[in-house]
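My questions will all concern the structure given below.
Which chain is which? They are A, B, C and D, in the order written, and residues in each are numbered from 1.
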């Protein structure tokens, strides 16, 4: 058969274009929002505000980047917000008790990671669909946090620790450095390691991945643990930025993180998506809120406007998807 | 003796309601009664509190101390309690309907007004201010923000730059403040509808190396510490501890056939650098006011 | 032969889905330790409290069977509840209020369906966006305030009885009956199975998956409208945040009830059992007055336990 | 070639065709699936449509039934031009199709599936007359000799039974034109017999049948006319009596193919590679004892459902084993598939689409997925080196794809199968377990795959091969085990390997 002429070759850039075009449209969406905002509000394009937006986007991004890996395996982690709350409260306590930020940071990361690992165990060993397992985990974590905090607030941390969230280095906020570092690490992990490749393969077809010799359960455990640890990292940033922890901080973090992943072009069916897309997704969400604050838009309108922007962003993204038969 | 009192609060996360619950526990211990707490598992959930009322009515506690998660939407629930002939004391938010043994609360409007006035007086009656609102539609927020606005009206020299929601959440208040600082080069005062948001705003100001006077409301531990260290200008005292104490006291007294006070609206106290000392003790160490003191605290 | 007589009930128990086991265990447990749990008044309580969730979880089952999801349901419920309040306040007519609610709900359902079926936006994202819109509209039309003073005819729906049975229970039972008939006895129901199981098969059979899919989401919106009436009646007012988050309860009930998120495998009775399990758990815990934080955690444990039992069963 | 003349004489001999496609072209991104194809069907004939994988057979039939719209060309029904814009149009013309991919809804019952979209109306509007739909279904099922309760949920059926339901579904439409796309690929011999009998009856009733198959025997057993496609073009149209299988294969593939699949049998068996001792598993196999040596291809045969797949999966670690021992290269092996893969065992699973490939990913991604550890021991993935490996395999296995970045789901079946094999070549496996490696694969590709397997074992690997086509086992294997009801019923040495022996050992004792 091969001596017959092969079918017409795909244009050489077609592989790139599928991703590049999508990326382009997503960036275009972000750019359009920026354009509109800079026309409407002169303070928008100031360096200060750009750094401000990046710093705000960082918190969503930390949570969303770990979540991206989970979504790449066709899973979901609804417990990230509750995980941030619990990890922050535990880390805060440790810093208070021991006076050592280092121990606190370790506690936060560790607590987040353990929660992630438990999610992973439920998904792999107990074979509970991730959506439900992590939804159950969300309630369990909330219960534990409510009990542990008993309506109290932990606040007031050492100045050194506060630098992580609110400090500057060479004129840039430290969370922005962290954001860039984790964006690089995350992208490298997903695109340039064998583990990353295996994660894509698992998302695309878990059965085939297992029968190709990929230790699917181990990789899933890894992915959920990483997602949990990233939530732990977010809790540290939160703690050092807000100088306090209370039981309800996670509630408003989960849906925006999921939205950032999805706006970023990662498919809930697994196997498709990038960390960089998630970064752009976080950026778009943050820009929308920033713009509404800058323009002093009536608070009642904010959910509506956010909803419309999400639709537009995703629709632009869909436009560029290759149609599947 | 040995009565069971069911205490309803709005959520498990807000420190304010913790002070209410500790107050109720304290008073019950002193009067030898038993307390059962009912708190929605989802913070401020209307359907859940309605279900809890329905469940509790089956259980028939001796009396109920009740904070509605929404002062209007919970009226049918209160009527159910009334129908079951369980005496009920209303605390914190004044219910829009139903029969109560007594109402104990603080006046959100005057709290907003008084703390707002204090800020503006410190600013000399002029300057640029912003309001960070709580959850849209909640009674406390509506009244507090109305108080802020009326305080502003009394000071025509002051200018309101923006009034944006922080949903009583620290992070949201911080981000709103960061964003507002981008479009407003000069902000002199911040009126936050609760302490968590006030502290969030302070963190934002610190992060940008800017200064402004900030006030909050609730008189939480965190706020007292911030006042002590000079970061927060003032906090309006909502006195949840006294509300919990007095609500429980009135419920038990009515069960025991003792006289009760039909309505106590605690006078607003603005906690500042000059008067924070009495508030700077841990909850457990505070003592409930006596019945005699109660009348002085603001009975009508 | 005595052997088989003994074995068969055990076999049946093994074949019972996790949710049924959990429900039976919960009822037995609370019946034993919670005073008043088994009283008629309390059981009726549980049922009445479960109606709104039932009315959301039933259409949610169909939506999940099509490999979709509707995150906007809670927010749409909130909006339709406000519609009932506002319209009946303005016109003093409960019926007009209901019509407005059903209309608004259906419009949102159609919008979800359009976004999913025609704009091809993944259901999770599409309905996340409409969630924002419905929530925003709720805040805008109510200006963030409760709407009160609505006519008594509305609130009477919640407290009225027919033949000694509370009307909400009757509405719940009727909804279940309608959905059961719809899913298992009509052509439409057959096509719902096919929407998730094999959409190509529908296309080859000359049917339009697009139209069917839109209909499924529209039904979800419609039911949110009907449930909005109950919600308003229950609170005797409209409130701009009252129903937020209920969609996750509904989704959990569907999943716990054994409907899977793929291949169009749905079980309507399981959904009902799932709703009841959550209702019984909350009610029972209130009666024995455990600390509230334990209640929060136990909802999660219930969800995980039911799914775990199902997993064990499917492996055996 | 004599193609034009023979087709012309055929057409002249018959009257106006029932259905005629003229000059049909269809292009997919990067692939010209159909190029000016003409095709006519007469009532009461079985028209075989042949061609290698990806020749465009399924595509042509999808144009015919309205699932695809042609880019160019026209369709004539009894001499009048018609447009078939949808499957509904096709149904009104009396065209029914048994698709290659199952078009069944898993959680509906057999009757509901058969009458999907054509349900008898019940008393209330919108409802279904349950009794009638069951009765109708039962009648059709009886008519084709398939004995099953129509209220059984389709998901619980095996592949063969599902295929029978597909057939029943098409039959129930009382079509005048019936298209069958590889209907026997998933059927056992007994069910295939039922199908052939059915085809005979339909023919007598004047139904026109288009039949697509890769099984040469069927072409001569039931075909009245043959159309051969190659690379989207019509090559020829002839009668079975006028050609030999070898000529036919030449037409399809464009070169000579030896259908006895020559092998380089080893003089002397190598050392033991795999030893299965007393293996039992909850999946329904018990006390399996099997040995495979270097340089051997060992067959594993038996009836459908005899447990061959289960043995393969248990060896690979895909199913847990309850008893017994598996020894590979002299050392025991246990655990998940990743252990087996690391030790050098490869499983080419029965269902390449659901178990072998990530259909939405690229050919290249699929080719390197099993070899990630070997290619990148440091854990750092280098896309360019992966690309080189993939390109190498594509050349080596002659996988017909425009590029390594093509989505693998868009390849034809044979090429997909090569990708599955290719990923284990990259991983450097030394024992290959093939489960139905040639199912649904054209003769050309089949001989290439067997040549490939032969080369693998000649170079020192070993193979265990499951196949339902006994003739293949006889041609290719050094020896074979025959399974029956979850046990090994016997062993056949090279000299004893005949179809009769396999059938004798594999049959259930009645």
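Rule of thumb we're sticking to: a residue touches a chain if its C-beta (ideal position, glycine included) is under 8 Å from a C-beta of that chain, and two chains touch if they have at least 3 such contacts.
The structure presented is a predicted model; accordingly, all values stated were derived computationally and were not measured.
The greater number of contacting C-beta pairs, out of the two interfaces A-C and B-C, is seen for A-C.
Seen from the Cα centre of subunit C, the chain whose own Cα centre is farthest off is D. With centres set at the average Cα position, the gap from subunit A to subunit C is 30 Å. Per-chain Cα centroids separate subunit A from subunit B by 35 Å.
With centres set at the average Cα position, the gap from subunit A to subunit D is 43 Å.
Subunit C has residues 139, 144, 291-293, 295-296, 299 in contact with two or more other chains.
Contact of a single residue of subunit B with at least two other chains is seen at positions 12, 41, 136.
Subunit D has no residue in contact with two or more other chains. The complete set of chain-chain contacts reads A-B, A-C, A-D, B-C, C-D. The residues of subunit C lying in touch with subunit D in their complex are 181, 185-188, 190-191, 193-194, 197-198, 200-207, 263-266.
Of all residues in subunit A, those touching subunit B in their complex are 41, 43-44, 46, 48-49, 52, 55-56, 59, 139, 142, 146, 149-153, 155-156, 166, 173, 238, 241-244, 246-249, 251-252, 289-290, 293-294, 296, 299-300, 302.
Contact residues of subunit D toward subunit C in the complex are 65, 67, 86-88, 91, 97, 99, 101-108, 112-113, 116-119, 122, 126-128, 130, 155. Across the interface of their complex, subunit A is touched by residues 115, 119-122, 124-126, 128-133, 135-137, 139-140, 143-144, 248, 251-252, 255-256, 260-261, 291-304, 307-308, 311, 315 of subunit C.
Here subunit D touches subunit A in the complex through residues 28-32, 52, 54, 230-231, 253-255, 316, 318, 336-338, 340-342, 347, 349, 354-362, 365, 368-370, 372-373, 376, 379-383, 398, 400, 402-403, 405-406, 410, 423, 427, 444-445, going by the rule given at the top.
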